[in-house]
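There are structures below to look over.
The same chain A turns up in both complexes below, where it pairs with chain B and then with chain C.
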Partner chain A sequence: MTQTYSRLRAGLGALAHKPYIWGVLGIVALLIVNVTRDPGYLQISVNPANGYLAGNLLDILRESAPIVMISVGMCLVVATSGIDLSVGSVMAVSGAVAMEFLQAASAPQSTMSAAMALLLALTVSSLLGLVNGVLVAYVRLQPFITTLITMLAGRGLAKVITGGQNTSASSDGLAWIANGRVLGFPVVVIIAIALALLIGYLVRRSALGMMIEAIGINETASRMAGIKPHGLLITVYLLSGLLAGVAGVFSTATVMTVDVSNTGYLLELDAILAVVIGGTALSGGKFSLGGAVVGALLITTLDKTVVFLGVPSAATPAFKAVVIIVICLAQSSRVRALFRDRRGPVRMKERVA
Partner chain B sequence: MTAAEPIVEMHDISISFPGVKALDGVDFRMFPGEVHTLMGENGAGKSTLIKALTGVYQIDSGSIVVGGQRRQFQGTGDAQEAGVATVYQEVNLCPNLTIGENVMLGREVRGRVGISWKATHRAAAAALARLGLADLDPTRPLGSLSLAVQQLVAITRGTVFEPTVLVLDEPTSSLDANEVEQLFGVIRGLRDRGVAILFVSHFLDQVYEISDRITILRNGQFQGEHLTAELDRSTLISTMIGKDLATLRSLDAQRAQREHEEGARPVVRARGLGRAGGITPTDLELQPGEVVGVAGLLGSGRTELARLLYGADRADRGTVEIDGRPVTLTSPAVGLRHGLAYSTENRRDEGIIADLSVRENIILAIQAQRGWLRPVPRKEQDRLAERYITTLNIRPADADRPIKNLSGGNQQKVLLGRWLATNPDVLILDEPTRGIDVGAKAEIQEHVLELAGEGMALVFISSELEEVVRLSERILVLKDREKIAEIENGADVTAETIVATIAGHDQNAEVVA
Partner chain C sequence: MTKRTWLGRAIGIVGMGALALGITACGPGGDGDGSAGGGAGGDDELVTVGFVAVGPEGAWREANEQNIQDTFSEDAGFELKFAPAANLDQASQIQAFSSFIDEGVDVILLSATAGAGWESSLQRAQEAEIPVILIDRGIEPDNTDLYVTRIAPDNLEVSSSVAEWALEEFPDGANYFVLEGPAGVSVVNERNEGWDAVMSEHPEFEKIGAQTANWSREEGRSVFETVLRANNNDIDLLFAQNDEMGLGAAQAVEEAGLVPGEDVKIATIDGTRAALEALADGQLTFVAEYNPMFGETALETVNTVLDGGTVDPYIIVPSETFDSPEAAEEALPDRQF
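Here is the complex of A and B:
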């Protein structure tokens, strides 16, 4: 018992030193606010009819899945001191490809069609990521400009694919990904967690993470040490495109409709925020995938909270901005130093007393 | 010798950083009208002590008295108010502003409506004249001046508010002999007007020429204060590095002993290697176990040659053979694969990965060769880091500390470790001893000879000709991006020989022209 407790304490101690501790505290604070409004907010119930787990927490997790995906990709791109503005548009392209394929497919309900739609959507998304990577690595265009172009072109491409329509389709396979359950737990959440863990494992167990950090910190020195930045940059942008594709499938399959104007709209900004909240500097270098996931969860929790509290939709962006700026301030070492100085003498007094 | 009352008295100063005690009970004092030099290896605590005096760091314990008053500096502003002015190693000026604007920046003279530029420039001219720089026109843009004169302008800027204490942190590191003389003229002028000057330099000759008093630090501890006239050089050096000079002297003995078979197959043979705008076609052969020096002034094409040889730049003419096989060096990665390694002269921009740890910096080149899919196992990483920290005497001996927190000399050693870890056949060292102290310098020189003894071929590039002569068996002399001579080293070859070669070539060139 005491052992468990001390281990828990050690775990919490390590967490307190993570750069994303303020994101975690932010989530906790938002949940507390919600609980004071409705004491049953955190309750998770089991639907006796089908064994599905239900509750606000699960809704938050489900809704966060697409943002978690693009945040993980964004985090790697940002670590190379780049940025990927195209992820939102790539989500729309991915959704458009999947929906168009299914609508035209002869047997849209078959698992085969679903798999083909998924594969096609992810391939196209990866290709868009590859284009970003090649332009950044070989042509040496600024990542901001490059991905701004693919962001605009991507949204256009999505509209071309669907002929400007918001294509709908039906497919049990894709619907299962978005809405299905395994042991009562949402499939989409399981996939998102698995992919995030897989990429985290891949990045940290291989030398990819260190080499990404190296080129993010000092590309010239990394090249002189024999690192070939081209391959790394392409890998990172391609991965970001692929994950945006997954996110696109997640968010279109929920309603089995792609909204070419709104699917993934402005989500690249949420992803950037998630990365920053997670403690990765936009200047590149040291990064934290775990932090990016925390950031993504925070943003979804915030979105949910705003709705739950009934903040007028016109005021929603401002409310979001306030919460995020508070977290960024809490993270800033300057602000923290300021508070430490203030706190110092007070503590002394306490000790004397 | 001068007024007995010190203007600065720092007593029992201690400063700690996480994990390191940077200063441990150090005493330091300065007298008006005296040049006081602070000596010590990299990491001895010189910069930390200076930053304590200039208010950049706050001291953990001890006392600072300036002008008879006990001070607690909360920032650089407080130190300036107490009369302490500082000129840092890198020139911190704005090249796009005029000389006068730079001198008076933040202290512009106000007129009735805003700044009076006329009066400001007049004040700047007066400040320049006080330092004997009356011939500088304050309305000229600073960027048009040489680095040396910019340095003088930086000092002028420091003296505008008539400080009683002037701190000069390595002001001579990028100056040539004449420029140093000019700078010393200015320093003597200030000294004679009663300013106390704190001087830091790695060049012993300069220290002996300019300073009246020397304080020595080692590992953050005070080692003694001496009048320059009463301290001989060998005592100074051995106090600084904490060991006797036998190691230094044995280098020369080692050089005489080295021999290797003649006519061995060269490990590298470059023919007509050149690049437009870089260096004219040059031949170079390297035997295993040989140290080839490259001498020449800054901008003579030394670095350009090294970069071509490594593959950092692509040659547009000529061929390179490694072990008899022709190779095309298109990138550093290719160079490394062929057993080449190049330690850059530009440690900060092309060498270290500042935020990564010492361990990661050491394994980076091997890791790059293996590709990201085959990570160096953690055990192997620890072993390599441990090995080079020990053999190269890297301090602090902490593999997980970010390299940016190490001193310049220790960063250089980490980089040396990075290249040695790749087990190269050829190691090109470009200014490996620049900006590092005597002790680390001797250690690196020692390693160069040791590696050659183990059969590695080394190219040694340095601005310090004595060093090149001491270590190399052959010396390539470059001038104006061209190889002008290849000298077999011998007892009769000295730094003067090389200087004469460079100078002599000049005269020939004139005759030809």
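Here is the complex of A and C:
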């Protein structure tokens, strides 16, 4: 008994020292706000109409799946001291490819068509990621500029693919990925968690993560230490493109419509924010995948809270900005030091003396 | 080592080429169409019309611009020069506008991507004595001396027609929610104004709230899902300011285990094909059209103006409303957008 207790305490202690603790606290605070608005907020019930588990928490998890995907990809890219601004546009491209394919397919309801659409969408997204990777690794273009170009070209490409239209299609297979349930639990969430865990496992159980961090700290030094940055850089951008493709399928398949100007619009900023909230420095050299996931969850919780509380549309951006700036301030070691010093002015004097 | 550098360079050049191709591919696809019309000239009787258009934006815009291009045909005695904006960029529109003045076209039709910043261009057209007719989009500040007329459906009228329907549908009042477009857009303000003007006199209608879903189906679903939870499904009526958001909300209603059309009635504006199909299916309950097909009206106006006649500064295009699955089914076969 005492052993479990002490282990729990140790676990909590470790958590408190994680860089994303403030993100976790932010989520908890938002949930508490929601609970005070409606005591039944956290309740999860079985919907009698369709047997699904239903509840606000599940809505948040389901909604966060695409953002989790792009945040994980973004996190690895940022760790190499790069950035990937194209993820939002790649989502639109991926959705456009899937929807156009299904619309043209002879048997859109078949599992085969759904699989083909998925495969095609992911291939195109990975190619876009590959283009980013090659330009950054071999041509040595600035990641910011490279992915900015892909971001603009990507949205244009999506418009070309659908002919400027918002294409709708129907496919039970894809719709199941986005809206389906396994034992009442949303499929998207299961896939997102599985992918995040898989990538986390691959990166942290091998030397891959360390090598990525090494590139972020100093690419030349890492090469001298025997790491081949080119391949790794291409891999992270490709992975980011692939994950953005998954996210694009997730978010277009929920309504089976790709909206070329809105799908994934500005989500690259959400992903960057999620990564930063998760304690990954934009200067690269260290990363936390768990943190990125926490950041993504925080952003979705915030979005959902705004709607749940009925914050007027015009005030929404301001409300979100305030919450995020508070979390970033809480994270900043300088601000925390300031508060520590305020609390103990005596120590300060001692130090001066 | 040298080999490597060459390889890097080669990849770079290929990559840049691919990107450049990608970017040009996204440029205005209509450029060719615009100049193609010029070659057909030579017949002096044709009236040349320059159309400064918005270009690819969505189904509504496409229907609108296609309709105008079809109406101003050579058979009708017109030569239409079509100039869509590059990526909704106002600068490219101003450029096209000036070149139409320099060419000396007979009439210019203008759908401005942005309202402000047209004064000097319009003044130049006035000096060149070329009449300008605004199609759908207005300009800001709305100085009616600078153009002949504006032809557009009226947002106020359309949204108040939705409100009027709601009064009939719910004689005892209802709890309603509004899904808006992005905050600050003029269409959103006008659609709110028309709705509120009617609703403010009917206290039996209680406004539960309003949220933006950015015209998007995905967001419409996500927002309305949470709105239903926050209000324990106690919403009788949803006013969605465009079809897409309404269609997303209908999905949220179904997922919450409710029946759209019975538990929650959804009214939308635009009247796209997808919305009418949903209305025929019973997913939506009311669709008010925001009519894009006003090529004919534009043609008559152009003729009147060229014959020296006078027209009103604002010509409102009549829009229909669809309030039953039957009405939707009837309209579906010749729905063009």
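In this section, the second predicted complex is superposed on the first by the 337 of 353 C-alpha atoms of A that agree within 3 Å, B and C clash if a C-alpha of one lies under 4 Å from a C-alpha of the other, contacts with A are read in each partner's own complex, and residues count from 1 in each chain.
One rule holds for everything that comes next: a residue touches a chain if its C-beta (ideal position, glycine included) is under 8 Å from a C-beta of that chain, and two chains touch if they have at least 3 such contacts.
Since we're looking at a predicted model, the values are computed, not measured.
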Based on the superposed arrangement, let me know which partner A:131 touches: chain B (first), chain C (second), both, or neither?
-> second
Regarding the shared-chain residue A:263, is it in contact with chain B (first), chain C (second), both, or neither?
-> second
Touching A:49 in the superposition: chain B (first), chain C (second), both, neither?
-> second
Using the touch definition from the top, say if A:308 reaches chain B (first), chain C (second), both or neither.
-> second
Does the superposition put A:220 against chain B (first), chain C (second), both, or neither?
-> first
Which partner reaches more residues of chain A (counting touched residues only), chain B or chain C | C
Partner chain in contact with A:282 - chain B first, chain C second, else both or neither | neither
Is A:232 contacted by the first partner chain B, the second partner chain C, both or neither?
-> first
Touched partner set for A:211, first chain B, second chain C, both or neither | first
Examine A:165 and indicate which partner it touches, taking first as chain B and second as chain C; both and neither are also allowed.
-> second
In the superposed arrangement, what residues of chain A touch both chain B and chain C?
-> none
In the complex, chain B residues that touch chain A = 312, 331-333, 335-337, 342, 344, 349-356, 360, 364-365, 367-376, 418, 422
Can you check the complex and tell me which residues of chain A touch chain B?
-> 205-208, 210-211, 213-214, 217-218, 220-228, 232, 285-286
Chain A partner contacts - residues on chain C that touch it in the complex = 7-8, 11-12, 15-16, 18-19, 22-23, 25-26, 55-59, 62, 87, 180, 183-184, 208-212, 214-219, 221-223, 225-227, 229-230, 244, 247-248, 251, 255-258, 274
Report the residues of chain A in contact with chain C in the complex, numbered from low to high.
-> 37-38, 47-50, 52, 54, 56, 59, 63, 131, 134-135, 138-139, 149-150, 152-153, 156-157, 159-160, 163-166, 168, 179, 251-252, 254-255, 257, 259, 261-263, 303-304, 307-310, 312-314, 316
